[in-house]
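Multiple structures follow.
Shared between the two complexes below is subunit A, which pairs with subunit B and subunit C, respectively.
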Partner chain A sequence: MKYIKTFLIIFSFTLIFIFLNILFSPKYATNLIEGSMISEYYDEEVPHDVIFIGDCEVYANFSPIVMYEEEGISSYVRGTPQQLIWQSYSILKETLKYEKPKVVVFNVNSMRYNKPVSEAYNRLTIDKMKWSKEKIEIINNSMLKDETFISYLFPIIRYHSRYDKLTKEDFEYLFKRKKNTHNGFLINTNVKPYTSLPSKKILSNYSFSDIDYSYLDKIVSLCKKNNIELILIKAPSLYPYWYEEYETQIQEYSRKNNLQYYNFASISNEIGINYNLDTYDGGLHLNLSGATKLSKYFSNILKENYDLIDYRKNEKINKIYQKKINMYYNDIRY
Partner chain B sequence: MNIFILIFSILIYASFGIYNLIYILLSTLISFFSAKTLKKSKRKKLILIVIILNILLLLFFKLYIYNNFFGIFEKTSIIVPIGISYYTFQIISYLIDVYNEKIDAETNLFNFLLYALYLPYLFIGPISRYSQLGNQLKKKKKIKLENFIYGFMRILFGLFKKVIIAQRIIVIINYIVENNFTGSYVLLSCLLYSILIYCDFSGGIDIVLGVSNLFDIKLVENFDSPYLSENLKEFWKRWNITLSNFLKDYVYIPLGGNRVSKIRNNINILITFFVSGIWHGINYILWGLLNGIILIIENNKKSKNRILNIIFNYIIVSLLWIFFIYPNSIEALTKLSTIFYEFNYISLFKNLFIFGLEISDYLILIISIVIIMIFDIKKLRIKEEIKKMTTNKKIIIILILFLLVITFGRYGIGFNVNEFIYSKF
Partner chain C sequence: MKKIKQIFITLFLIGVLFGCNYNQKQKDEIQLYEFEHNGKTMKLGEVFSIEKYGQPEDYTEVESCAFEGLDKTFNYGSYEVTTFSDNDKDKIYSIYFLDENVKTKEGIKITDSFDKMKKTYGDDYEKIDNMYTYTKQKTQLNFIINNNEITSIEYLYAVQ
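The block that comes next holds the complex of A and B.
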């Protein structure tokens, strides 16, 4: 009897502790919604032939719904804020546990970073990931000096100071998720035209680091092993600057590895992007109008060059996509 | 278990720099062999030289920390060994006790290393005597549930004081110091510093005692509700007890203690507090001497009203902490003087919420301080009650403390939780 009591005490405490961990974790439902993007993927009901991995330049610039409407391509953007290349690699590995896409699109912007940059960005990418070998990998590779693994395992260690900042959202989304993206695409309808940008900094070294190359090699080999076509892209953006030296290195790499590489930043005129209308932050990211143009342009490339299924002809999947399309336009309207 | 404790201590010590380890190992070996030689040959001179050498080295490091030994050395040329003050006093107490034939010299090097290098107390104390600890360290350790329960309870109680109370008060004090406030703000910082240093130091000691308990080692207590003291003499019997006892046994009594003339006794008190000041650091000599002077003036007198005595003594002790808030003695005295002529109390009341804490922080702080006060007042009774409790009830207390510490503690990125005020001495 004594031991049953002890067990019940420890069990009840464990439940309270788990509950507090969930309660104190940010829900990313209405505030900092970028933090919820990684987990929305787990609710997907349709297969995806195209998976995007990379930073904000993918989740702000490519709309899978437009690509579906345009060519019937089923795609998903597994982008997160300032997703670093080792994070992209692990997220791709995780994705392959759920499905096997035909094409993986990697935005090379993260090649410029060779070490973790910010704890806040780490959290937005990692917090809501399901626990897996890949999540452990990402945490270990991304932690900054002051961070601890245990604070990812038990979020209360990181977020305990929220005890006086809890809002209705924290209780409302205790055990459910709010859907904020459309297949990983984050709608932004604001318009903030390009006016000026900070002057171009001269860097001491323009070479991508060994660590970046090693992870790019890993992504290439993972795709090869799974018979997936890997496409490298550089999304349109005026800032941060994509230096000539960066471009040369990526071109060289894609040539050596026989990869397709598209620099959409250099052909933004051809795509029809107007930085007076198609950006929500003065040229850093595209808004809905810009993303629609880019998504249409890219879906045509994909349709022409890759053997992708037109899911509009699949009744079951099309039905699900129609619901997604309705929600998409509903969100645009409001 | 003993081998594990020793290896663990050495590894952690070495992680702070290999020079730390080399110094402490060399010093320990010299002390061990000099004491052993005494046992064999009765040559007391050698042990005396080692004692003096230890004192000189400690003085050297204290002076070096103070001003790089008057600028002779480069700022980074010498690494001050971690825990040097605690380590040296422990070794000195051992050597003097062997010298005075109060204890037998340890003949087993492993046992002596265990005593000298036992990690938990090297950072913050308590200063443990070989006579109290030697046999405990030598004996075979038992893994007992009761030890774990008491150990974890003590560790969590220490963390409660450190991360819930001390980590909040430090915000207020830092704000007052950084913004160069004077008058009533300085008074507030002194009154709060009393609680801060108590929760920080005794919290750290609780953790050390708790961890030791896990290893079946019972260290001596270092505090006995010090702020319930009615005068300064009583305070020093209840505050940092192991240091006070060390100074009493190895400085005050050898000087003649109170079995001498009144004047000589007063000089002995002043010398003892002077040594206490130096042990804390050169900057704290004035603080030590002022403690001695007030103690002499008080002459163990107190009024009949216990509460008034406690409050008065609390204020005296708090004002003396000014030398800890402002380690530069001249600045400390200047700030202290503003309390007596700058009556900016209205400004203080208006600005009570500018110190960087939220209202919820103040609420948590007040409740937690009240809990600690109740614990200090009813300590014996509470300890008895806990002793009588069933294991399950004790587990519940541990779990509640754990939840309180983890939820309301101020720790994580941007906080220096592993820095204790007394670990820098």
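The block that comes next holds the complex of A and C.
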């Protein structure tokens, strides 16, 4: 009897502790929705031939729905804000546990960062990831000096101060997720034309760091090992500046490793991008109109150069995609 | 007599306390890098206002991915001031020199020599690649040197 009582006390305490951890964690459902993107992937029902990895330059600029409509390509964007290269590597590893794409597209913008930048961005990428070896890897590689592993394991340690900031969202999305993206693409229909940008600063060193190269090597070998075509891209953007020195290094790396590299920033005219109409923040990211142009352009490249299935001919998958397409245009309307 | 003694002791202690506080304040002021131009002093981390520093020649807003708030850049021709958003206030984060027409408060400008920088600021710097960083509390003064010549000067504030 005594043991049962003790067990019940421990069990109740554990339940309450788990509940409080869930309650106090940010839900990223209606506010800071970028934090929810990583977990939406787990709900996917269709296979993806193309997986995008990288920072905001992928989730804002490539629309898998447009690519499907255009060429029947099934793709998913596993991008998160300021996703660092070691995070992209672990996210790719995690993705390969679920499926084996034919093509992986990596946006090289993160090569400019050789160390974690901010806890806030770490949290947006990590918080909603499922627990796995890869999540542990990302946490260990991304923590800043004031962060602790245990605060990722038990979010209440980090978020206990939210007790007076809990909103309706925290209760509404306690045990469910809100879908905010369309295969990882975040729609933004706003238009904020390019006017001017800060000056181009002189850097003390334009060389990508050893750590960045080592993770790029790891991505290359992971793709080779799994017989996946790796494509490097630089998404169109006017800022932060993509220096000539960066471009030279990526071109050199692609040549040495026999990889395809597309710098869409340098051919934005050919794609038809107009920075007066096709950006929502003055040239940093594309809006829906710009992303549609880029996605159409890129889907043509993929169709012509890679052996990808036209899923529009697969009844079962096409049915799921038709639902996705309806939701997409519904979200654009409202 | 005892009461008078007590009053004197109390006054003395208050004096010591205020004195310490004053000294600390003075010390804090000395411990930070700041930029002076046209008789106006810009302090890193301080709230920026156009009323105080004058109308810029150009103005740029850069949004961050995901988070609210803008990094605002005010171009004053020879230098650029970038602010960060902190509790709805724009605070000075960076002062970046664009040409040799402006000098640091201690008189160093772009095109000056590395030796002149060392003579002015000393050897207590941190060197990463060809960037030399002098730190005073939360403020930094960065110089980039190419071929013994200063090619870039930037004041930076360490945002928490």
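Here are some notes:
Quick note on the criterion: the second predicted complex is superposed on the first by the 334 of 334 C-alpha atoms of A that agree within 3 Å, B and C clash if a C-alpha of one lies under 4 Å from a C-alpha of the other, contacts with A are read in each partner's own complex, and residues count from 1 in each chain.
In the analysis below, contacts are C-beta pairs under 8 Å (C-beta built on N, C-alpha and C of every residue); 3 or more make two chains touch, one makes a residue touch a chain.
Predicted model only: the values in this text are computed from it and were never measured.
Touch criterion not met for A:228: it reaches neither subunit B nor subunit C.
Of the two partner chains, subunit B is the only one that A:9 touches; subunit C does not reach it. With both structures placed on the common chain, the touch criterion links A:161 to subunit B but leaves subunit C unconnected. By the touch criterion defined above, A:55 lies against subunit C but remains apart from subunit B after alignment on the C-alpha atoms of chain A. In the superposition on chain A, A:219 makes contact with neither subunit B nor subunit C. In the superposed model, A:91 makes contact with neither subunit B nor subunit C. In the superposition on chain A, A:129 makes contact with neither subunit B nor subunit C.
Common to the subunit B and subunit C interfaces on subunit A is no residue. In the complex of the two chains, the subunit A residues touching subunit C come out as 32, 34-35, 55-56, 81-82, 120-121, 124, 195-199, 201-205, 239, 281-282, 284-285. Looking at the complex, you find that subunit C touches subunit A at residues 58-63, 65-67, 73, 75, 80, 82, 96, 98, 128-131, 144, 151-152, 154.
Partner subunit B is touched in their complex by these residues of subunit A: 2, 5-6, 9-10, 13, 16-17, 20, 24, 119, 146-147, 151, 156-158, 160-161, 163-164.
Subunit B meets subunit A in the complex at residues 358, 360, 391-392, 395-396, 399, 403, 406-414.
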